[in-house]
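The following pair of complexes shares a single chain, subunit A, combined with subunit B in the former and subunit C in the latter.
Let's turn to the complex of A and B:
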């Protein structure tokens, strides 16, 4: 009898304490973000898929020297790259002429990537590629809201992406 | 196809048939899982029940087996970085650390002091997030919905802090052979300090809201008693062992890194029930905060990664076993090297596997609802168990 009474009072007390905490939190400011009407402001450190970093003097060219360090270190072989030495005689693409001339004059042209593809489906965002690049030619992008319906949408041509970004910047 | 038998096949799969034979005919064989909210992932438990009571229970594993050990044999050492954190995604940094430290010890790579401190701080932060998620999810199992909201609030804030330096929120891949991949800055230190202070207040709220709650006590006290003998028999570690009264913690028993420099307690409760395990974890979060604060106070300057740390390590021929304390118990890595660029064999010891093994014994004769409470109190992460 006494035990039941004590249990009932104990239960009621727990209930009151719970109610009090709920009431306090009810009055406290909102902590959730109502996506998509609001977005999280500070996303420092977020890693999107990797992208190529443009050269300082030429936003259409990547810093990549086609050493294929990133290709070899990637645990899931997401990166495929084809390198080629720019041809000496043929003038390179019109926009890139300025920066290309000194390189073309030298007898040994530096290799550069002609294809740089990322299969983001298999990427684990480990950062090994970015950290192993000797020329800091890779970085993480920051599109948090990347989404798609097919796998194919996540195979990125990073060179094309670089061109797009450069064009957008120029406009 | 006219002779196709359209009757329902009730014989079950291999495990169910193996489990079936019994002398009694009035019992029911029931599958709990692999898709069951209380099993948190894809754990399947075969139950033989009589009414609401469990006569026998048998966990069936392997639904998320991803061959992490085999992958270790075909990948080079650095390529294996992202794998261990993905086994136990809740305490990813501990697994990351176990892998990295095993290789470091085999090769004799020195780790700068600052890196060790950073590892301790981030690993303990991660331990808190792991326990917070367990706390919320366990109470969700027991039927309380609100606590998980509070725990996620704090958890997300810690993840924000960790995201800034590690680049991830859950499956961190932050430690590198010989250090960590990025240095911590003043803002990290400041944020962590501030959040530690906030957490201390929150723990008081958690205590009055949940720990002292009458209903919770009814659901966890004297439920799922695991005698120390049983823990020993199955090799249970972590909060399960400490909840049975043995204050064994790898951080204290075989100090690694710089844990011997900090002053912290190893909480242990000898009630052996689910409440004991609950209280161990609640206390452990506070101890972790103590460790973090001490580490922040004495954070040395210096390199965050050894400047001569090998990028593509090739450990000498030999083997090493390294164990450390994860949120669920003793995480062990046994690494055998044949001198090549990938390990000859890598064996992961998942604490959850041993902790789950004792469930068959403990669940005998309990109510199904209590079995849910026991399962929750073991804090299982199925991908870690299946590896």
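Let's turn to the complex of A and C:
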């Protein structure tokens, strides 16, 4: 009997506590923003489509070594990449394709991507490419403003995107 | 022409004008309450609430109303269309009648009748019938369940409601709402809430249940019954139920204000403003409660009523009678 009464009074008290909590929240400033006119300041942690990470010393070049781990691990095969070795001089580049000797002569000529495309239509945002990248050259972008009328709009050229970002940063 | 007008009894003209005023009052209240409800919900959730239609969204209820007026009126297959469309009218009509006996101010009352309180309690009871018809004729299991819940809820909560009203009536010795309000003083310590605090709490809980407000909104529990008894209603059918719900809320708040908060009594300002202020404070508390507490389960709802409210109401009545007898 006494236990029931105590529980009831405790319950009634908890109702008042609940009303106090909503009253405090009522007075507190709102934490949402008026979206089209305001946007949230940062989208840290948002997992959008993947993008290339620039090198520390050269923002126009990506860290990618064209190992194509990401291409192989992608479950929906939505990454396509073409690799090539940079042509610093015209003459040795022609030899490089023929035999292995010139490559041994020039150990600095690392391969890099000349085409890095993401077909976002098929991407499931699983993140395996980001995890498997040995040089941490891939990351999730914070691009939330994705809308389009055609499928072609969602085939992203990530190298061009990197160039654009670097240019914007320089300005 | 003038003779023809003079031939009409003055009482009819009073009722006619009063009824028009009630219609305007109910409509305006619904618009204001919808806005307040959504804004308060927003602020409690720490979001802006309606904001886009008009400055700070003040035209939102009007936009909602226009949308409801423009919607297609639709009767479900197999429904009894006569009863189906009668139900919203049965719901709204008694709500309007209730206002004629309410004293809004010392000189602002349409009919000063000796049975004002009984009239309001009787007419608000008709709403149960409307919800029952609506649920029964909708040919929809959600509607039927909502109606069944509403009936068991209303029948249960009517008992403590009437008993607590009785304890105030025994104190004042009258069913006349004007006399009950006039019997209280201008200052808060002269109001009946001081003499009858338990009755006030019980009455307020019963009012929440009778008007189907959260946490007792089981007849229209969205998560389990889509919309309960008004699932199948579109356009103005739904709007009438909605209007009726808010009208009953206002009626209930008026009764709370008259029985326990001194009605139109108050210092300095004219009585009408005191009355409206008190009614709106009660309404705001009802809205506040709605956005604070989760919905109770059905067995909990009936347990609260039968195990707590009715015994406490009877106890309160007995104490009141003992005090009066001494």
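Operating definition for what follows: the second predicted complex is superposed on the first by the 108 of 171 C-alpha atoms of A that agree within 3 Å, B and C clash if a C-alpha of one lies under 4 Å from a C-alpha of the other, contacts with A are read in each partner's own complex, and residues count from 1 in each chain.
Going forward, a contact is a pair of C-beta atoms (placed from the backbone, for glycine too) under 8 Å apart; a residue touches a chain by one contact, two chains touch by 3 or more.
Every value quoted in this text rests on a predicted model; they were computed, and no experiment measured them.
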Tell me the contact category for A:140 with respect to subunit B and subunit C: first, second, both or neither. first
So, A:14: does it touch subunit B (first), subunit C (second), both, or neither? first
In the overlaid three-chain picture, which partner chain does A:114 touch, first (subunit B) or second (subunit C), both, or neither? neither
Answer with first, second, both or neither: which of subunit B and subunit C does A:127 touch in the superposed model? first
So, A:160: does it touch subunit B (first), subunit C (second), both, or neither? neither
In the superposed model, does subunit B or subunit C contact more residues of subunit A? B
Looking at A:84, would you say it contacts subunit B, subunit C, both, or neither? Reply first, second, both or neither. neither
Please work out whether A:22 is in contact with subunit B alone, subunit C alone, both, or neither, and reply first, second, both or neither. both
Applying the document's definition of touch, where does A:39 land relative to subunit B and subunit C: first, second, both, or neither? neither
Report, in rising order, the residues of subunit A that make contact with subunit B in one complex and with subunit C in the other. 18, 21-22, 25, 31
In the complex, the residues of subunit C that touch subunit A are 40, 42-48, 51, 288-289, 291-293, 308
Enumerate the contact residues on subunit A facing subunit B in the complex. 7, 10-11, 13-14, 17-18, 21-22, 25, 31, 42, 44-47, 73-75, 124-128, 131-132, 140
Would you mind writing out the residues of subunit A in touch with subunit C in their complex? 8, 15, 18-19, 21-23, 25-26, 28-32, 34
List of subunit B residues in touch with subunit A within their complex: 75, 78-83, 86, 146, 150, 153, 160, 163-168, 171, 173, 181, 205, 208-209, 212-215, 311
